[in-house]
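Below are two complexes that have chain A in common, paired first with chain B and then with chain C.
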Partner chain A sequence: MQLSRYLLLRLGKTTVAAWAIISCIFLLSRLTSGDALIRSVLDEAFTQPTITATERAQTEALLRHRFGLDMPLFYVSFSTPAGATSPTWMWHGTTNQYHRWLNSLLHGNLGHSYREDTAVTELLRRAMQYTLPLTMLAALLGVALTFELCIWLEYHPAWRSAMLSILYAVQAMPLFVIALVLLLLLANPDVLAWFPAYGLGSLGAMSPWEGGLGQYLYHMVLPLISLILVSVPGLVIQLSASMQLELHAGYVATARAKGATPRAVVRHHIFRNALLPVLPLLAELLPNLVAGSVVVEMIFALPGMGRLLAEAASTQDYPVLLGAVLLVSLARLFSQLLADVLYQWVDPRIRLSA
Partner chain B sequence: MKWKLRRISLLALGWLLLLLLGAAGASTTTPPPDLLNTTVAPFHPDHWLGTDTVGRDVWASLLAGARSTLLISLPAALLANLVGGLLGALAGFFGNTRLRITYGWFGATVISVLAAGVLLGPLWNSPYMLLVGAIGLGAVTGWLLSRSNWGRRLLPIPLDDVIQALVALLDSVPLLVLVLTVAAIQQPSLLGLIVLLICTCWTTAARLLRAATLRTVPLPFIMAAEAAGLPPLRIVWKHIWPVVWPVLLARMPLSIALIIGLETTLSFLGVGLPPEVASWGRLLASSRLAPTAWWLIVCPGMAIFLTIWSLQALTKAKTFNVTTEIDVTK
Partner chain C sequence: MKRILVGLFLLLWSGLVGCSTTVSSVPNTVHVRWARDPENLDPLIAKTSGALEVLNLLHCSLLQASEAKGDFIPWLAQEFPQVTLISDSLMKVTYQLRPEATWDNGKPILASDVAFTLKVMHCAGLPTELAQARFGFVRDIEPDPHDPRRFSLLCRGQSIDFVRSSGDFSILPEYALDPNATLRAIPVADMGKPLPQVQAFARRYLAGEFSRHPERVPGSGPYQLENWQPGRQLTLTRKTAWWGDQVPSAPPQLWAYPRQINYQIIPEAATAVLALRRGDIDLYPLIPANEFARLQQSPSDREQLQFLTADSYECLTANFNMRSSLLKDRLTRQALTYLFNVPALIKASQLGHAYPSVGLISPSVKQYYNDSLPLPAYSPDRAIALLQQAGWKQQPDRSWTRTAATGRPEQLRLSISYRAGEPSFETTALQFQAAAATIGIPIELRPTEASLLSRQVQQGNMQILLRNMSGQPFAYDFTPILHSQSTGIYNASGFGSPSSDRLIEAIAQEDSPAKKARLLRKFQQLIYEERPLTVLYFLQYRIAAARRLGKVPVSGLMPGYVVTSIRPDSAAN
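So, the complex of A and B:
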């Protein structure tokens, strides 16, 4: 199959998958807690008992209109109409919450946050400004470290089993445990207070793109180390195993026989061939780091994407939650696509079948 | 190598056994917090692992956390693997063409579902009549249609495509983000969290067993079974499942470890379990209120680390055993 046609087909499929999962989450969120949200806002607003029932009802209607909850949820509904005894199917046409939400989504409008009076796109843009450099840096450093470590292990086979044991042990720690242990060891006045425990320092309001780079990097050290520690072991274990398999291939003997140094054989021959089975893992790295940033940004109090998602989840700010999930899933889908293209590019013998 | 492997897996088994004993022996009632001794360091005469910021005993919290961790992760991992494995094996065996149904019975199913939908309103108060009516209508239409030539033609059901699409759907969002989102929306109970974990974690098992089944189907003994005219489900159950399920068994500890990691992360972020259920993640989260209380990080952190490490070590040992076994017998 031609690459361009394959890509189009794959793109169509991934778009459908993203649409389906986001729709599911949207319907689920509106189905379970639209009323609970209104009730909690009302209870918060009307603490004094002097409010009459009609005033309360009026405010509720206004609130429903403001949050867009005054329409039916979906195109069809199965409910009891006023005055009837048994429920029936009802067709609502296009004036429903789902249609309106999807329509504005296609126009690039993700709605307004329930908690702050800000557009979700603006919130996401502000958060990405912090998360993008963090995850990109972590991915780059992680990949570089993985490659160098694997090549180094190939030169020093005596260290292999000890190193792998350590890596397996690190792999057994969830991200939040690693981050907390790092905090305890390196940002603790009782042990070593080398790094700041949280935040971005006095320049907190400033984005990393505008100056204060040194300060920014200084505050990023611990989050970066924890993201790298959680992503590197799996990659090294896989890549190193794959390099061990390549070691017995015929071309290695040929390369040695023609007089290539062991260093050159590992770097130029074994490494490139061993990379192939690890490609999907590498492509998964960035989306996994974005998911990991949920934990890291919560712990280190960084104003990024992951913290936005986690806070939206715990305070049930659904427009923000949906926007964040959409962005994360798009990142994942595109990295899967990228993995396919890379496969084809690295090894043209691989046939793609969508 | 083998001896070292055995020593490590003995260690791992020992820790898991301790964990089981601790979970079984944990008291079901939470002891009242000792408000006089909040955030005391370990080796205190009353609380030899210290207390947290509101005076709860760390040792008691650890035991209770062990119980809820096991209560969630064991059934969730078991069922997720079983469901995913079965779906994967079925998808691998039936593919897109092997499962076929006649047009007649297909039409009858569609008609009876439609009829049930239409009659759902009028017959809302008598569900049995609805059930009998829909099934009866379907049976009559199916019988009538299957007498025609068109009704006897076979329609392939793309089971493989359907299951693959489901897997792709769940895989389009990273697992942690998906579980976090749905848990935040649903605010599940203990049982709800288990169901949620099963619904989201079955994909890996399905993918693994689909691949294993695809490798098994071309083997001669499956062809022989088909030639002998055995029904397809019996082939899957008696001939394919025994060959492919060791893959699942080897993966089992790893998926328990994965689910433990997910569950503790969720409760650390404060969305997973209802607040009255004790959990290691919640204990770790309480350390955020007292940053210098090292025992609040070290004790539950060590418990999580040792558990996941033991499960991973067991996986390594078991894969070793399974592969050698397969080499010998097959």
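So, the complex of A and C:
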């Protein structure tokens, strides 16, 4: 199959998968929690002595209307109509929450945050400007470190066992432990206060792109090391094992027989072939780092996607939650697509079939 | 590998060389830790405690809550308003604005600004539904024709709570938001109608995006917004010429000493403690009990920090659902309260920073607290005796049974619900479960997600509920939590009888402190006997602050401190 046709088909499938994921989350979140946020706001307001029960009911109706919760959830429902005794199937047409939400989504409108009265797209854009530089830098440095470490281990087999033991130990540690240990070791006045404990300092600009790069990097050191430490061990263990397998392949002996230096054999022959089983891990690295940034952004007080997602979940801000989940799902689906393309790039013998 | 290491080294080096400070070093600045962003700073929409804290620095209301006075005190108003009762359900609340009160451009703050604020609140097309509900009792405003600073609010209701609430909203500047005074001719009652001027104003107001840009609404408060980086920090700067400075011998509500107030948003408690110890922040309000105790034990931290507590009006309560057949009789409910070991709970979950109470009135409000009632005690023996009085019989297998009103036998087997993820609730539930097990009552723990729990409470689908309740030292209206009309809304126990409802209404209506004290003592006695809920303890707000701030005034009202009264410069001198 041609690559372009394959890509088109995969893109179509990816879009359908993204739609299915996000629709499930929309319907499940509305079904299980419904208008929990409105009720919690009203509970709080009702403790005010000046609000009567009638005013509460009126306010509830107004809020439901503003948030679009005063219409049926889906095209059909199985409920008991007013005056009836038993539940029946009811058709609501296009006047339903799901249709309205999907229609907005197709027009690029993810809705407004319940909490901030700001467009979800704006909140996502604002969060991404902090998360993208962090996670991309972590992914790039992580991949570079993985490659160099694996090649170095091939040149220095004596270190292999010790290094792998260390990597296994680091891999066993959860991210929040790694981040907290780094914080308590390197930003603690009782130990070493080399790095800032949180945030981006007094950077006046709204984004790292506009402010001082030095200060930004200084504040990013600990979050970056945390993300790198959590991603590199798994990659090195897999890639190193793969390289060990390739070491005994026939083409390695041929290359050596032709007089290639050990460095050239590792870099130009073994490495490329050993990459194949590790490609899905590499492609998943960025989405995984975005997921990992939830912990890092909470601990280091960075206002990125992870924190936005965590706070939206804890406060039941469903429009933001859905927008963030859509973005993460798309990133994950596209990473799988990227893995497929990279497979063919690394080994053209692989046949693509959608 | 070498290249990577060299690259990493250069990155670290450039960072270390390029940066020397992490927070701004403007003198006389107070750096405060916040766990969350204030989210929305529109004065008529804001909901979070952080947003309300900032808005009270940017804007003034007519009245301000004062814990010291136990009442609302004049802020923009010159004195507490005069009240004239009209018929049996209305009243006229007359205010006089301070003669010194001006906007930033020097124009006086007038009755027309108050009228404008009420109109914005009720403007059709604006997302101000909650403000409309809260201040809907203000029917109209009547400016004094002879004095532009004097006006009367025509209000529904005649209780003191309505008088206090009538002055509890930020006053907005008409000159800045409606320079052509397009709303002046429209009565407050017509603002909900789709009139062309109203719609045009709503469009202009929404286009201003005041929720994200509060600097576009010049306020009458002592501070203005310097910088707001959502999710990171928010900085307020003291106005060089603020009207409050002109007031001779200004009262505490008009003090505003810090030149700059900087709020740093740090979600994680461990990071915030580190920031406090490093000097990146000066004030950590509502610090967790364990961190507070840990800092207090460290000699180096004791040198740098001061540790303060304030008796709050927030309490942990156990609510018994009286609609459940097992909890219908008061003897059973009384018996169960003897299974909460309050002193042990205070020690375990709050590390001693809480205090027990006989009821919903804080012991710190001595005027109204019924000190003739005994404090909650832990006594499984007393619980057994009360259960036996209630008709329960212990079986050989140690379980408790009795014959229900329907004639069927029922077993005393209960569940305790609480919001999941809250350590103090978990500790309390576990202690209760263990104590109940010693006398043979099986207790099922139900940690529940907040929205699901809220729904269960509304549906009465729980037996014992742990939850926090907040109060104030000056509002004693128990309608939302214990009136029969509130059952299915916020009254989790389903408590309420015609006589208790009358008592709750009488307390809310009563203005005389002596009569109110008598009614409140009677109310506490009633709740103690009926036990629809039991107060386990009142919380203390814990605050850790840098010693460089000098004296930090604390408060039992949120946020727990009075930032405007902090004088860092005086501490340095």
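The definition used in the following text is that the second predicted complex is superposed on the first by the 349 of 354 C-alpha atoms of A that agree within 3 Å, B and C clash if a C-alpha of one lies under 4 Å from a C-alpha of the other, contacts with A are read in each partner's own complex, and residues count from 1 in each chain.
The criterion applied here is as follows: contacts are C-beta pairs under 8 Å (C-beta built on N, C-alpha and C of every residue); 3 or more make two chains touch, one makes a residue touch a chain.
Since the structure is predicted, the reported quantities are computational estimates derived from the model, not experimental observations.
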item	value
Superposition on chain A - do chain B and chain C clash or fit	clash
Which of chain B and chain C A:L3 touches, first, second, both or neither	neither
Chain B versus chain C as contact partner of A:M136, first or second or both or neither	neither
Chain B versus chain C as contact partner of A:V346, first or second or both or neither	neither
Chain B versus chain C as contact partner of A:L183, first or second or both or neither	both
Touching partner for A:Y218 - first (chain B), second (chain C), both, neither	second
Contacts of A:L245 with chain B and chain C, given as first, second, both or neither	neither
More chain A residues in contact - chain B or chain C	C
Partner chain in contact with A:L192 - chain B first, chain C second, else both or neither	neither
Partner chain in contact with A:L333 - chain B first, chain C second, else both or neither	first
First (chain B), second (chain C), both or neither touched by A:T59	second
Stretch of chain B penetrating chain C in the combined three-chain arrangement, among 145-153, 163-171 or 271-279	271-279
Where chain A meets both chain C and chain B, residue numbers	32-33, 180, 183-184, 188-190, 197, 298-299, 316
Residues on chain A engaged by chain B in the complex (per definition of touch)	13-14, 17-18, 20-21, 25, 28-29, 32-33, 78, 86-89, 168-169, 171-177, 180-181, 183-184, 188-190, 197, 287-288, 290-292, 294-295, 298-299, 309-310, 312-314, 316, 318, 321, 325, 328-329, 332-333
Touching residues on chain A, where the partner in the complex is chain C	32-34, 36-37, 39-41, 43-51, 53, 55-56, 58-59, 62-63, 66, 115-118, 126-127, 141, 144-145, 148-149, 151-152, 180, 183-184, 187-190, 193-194, 196-202, 204, 206, 212-215, 217-219, 221, 298-301, 303, 307-308, 311, 316
Residues of chain B that touch chain A when the two form their complex	117-118, 120-122, 124-125, 165, 168-178, 180-186, 257, 261, 264-265, 268-271, 281, 284, 287-288, 291-292, 294, 297-298, 301, 304-305, 308-309, 312-313
Chain A contact footprint on chain C (complex, rising order)	1, 3-4, 8, 11-12, 14-19, 21-24, 36-37, 39-40, 42, 45, 47, 127, 129-130, 132-137, 157, 159, 161-162, 165, 211-212, 227, 229-233, 264-268, 270-272, 274-275, 277-278, 280, 300, 449-452, 454-455, 458, 470, 475, 477, 479-481, 485-486, 489-490, 508
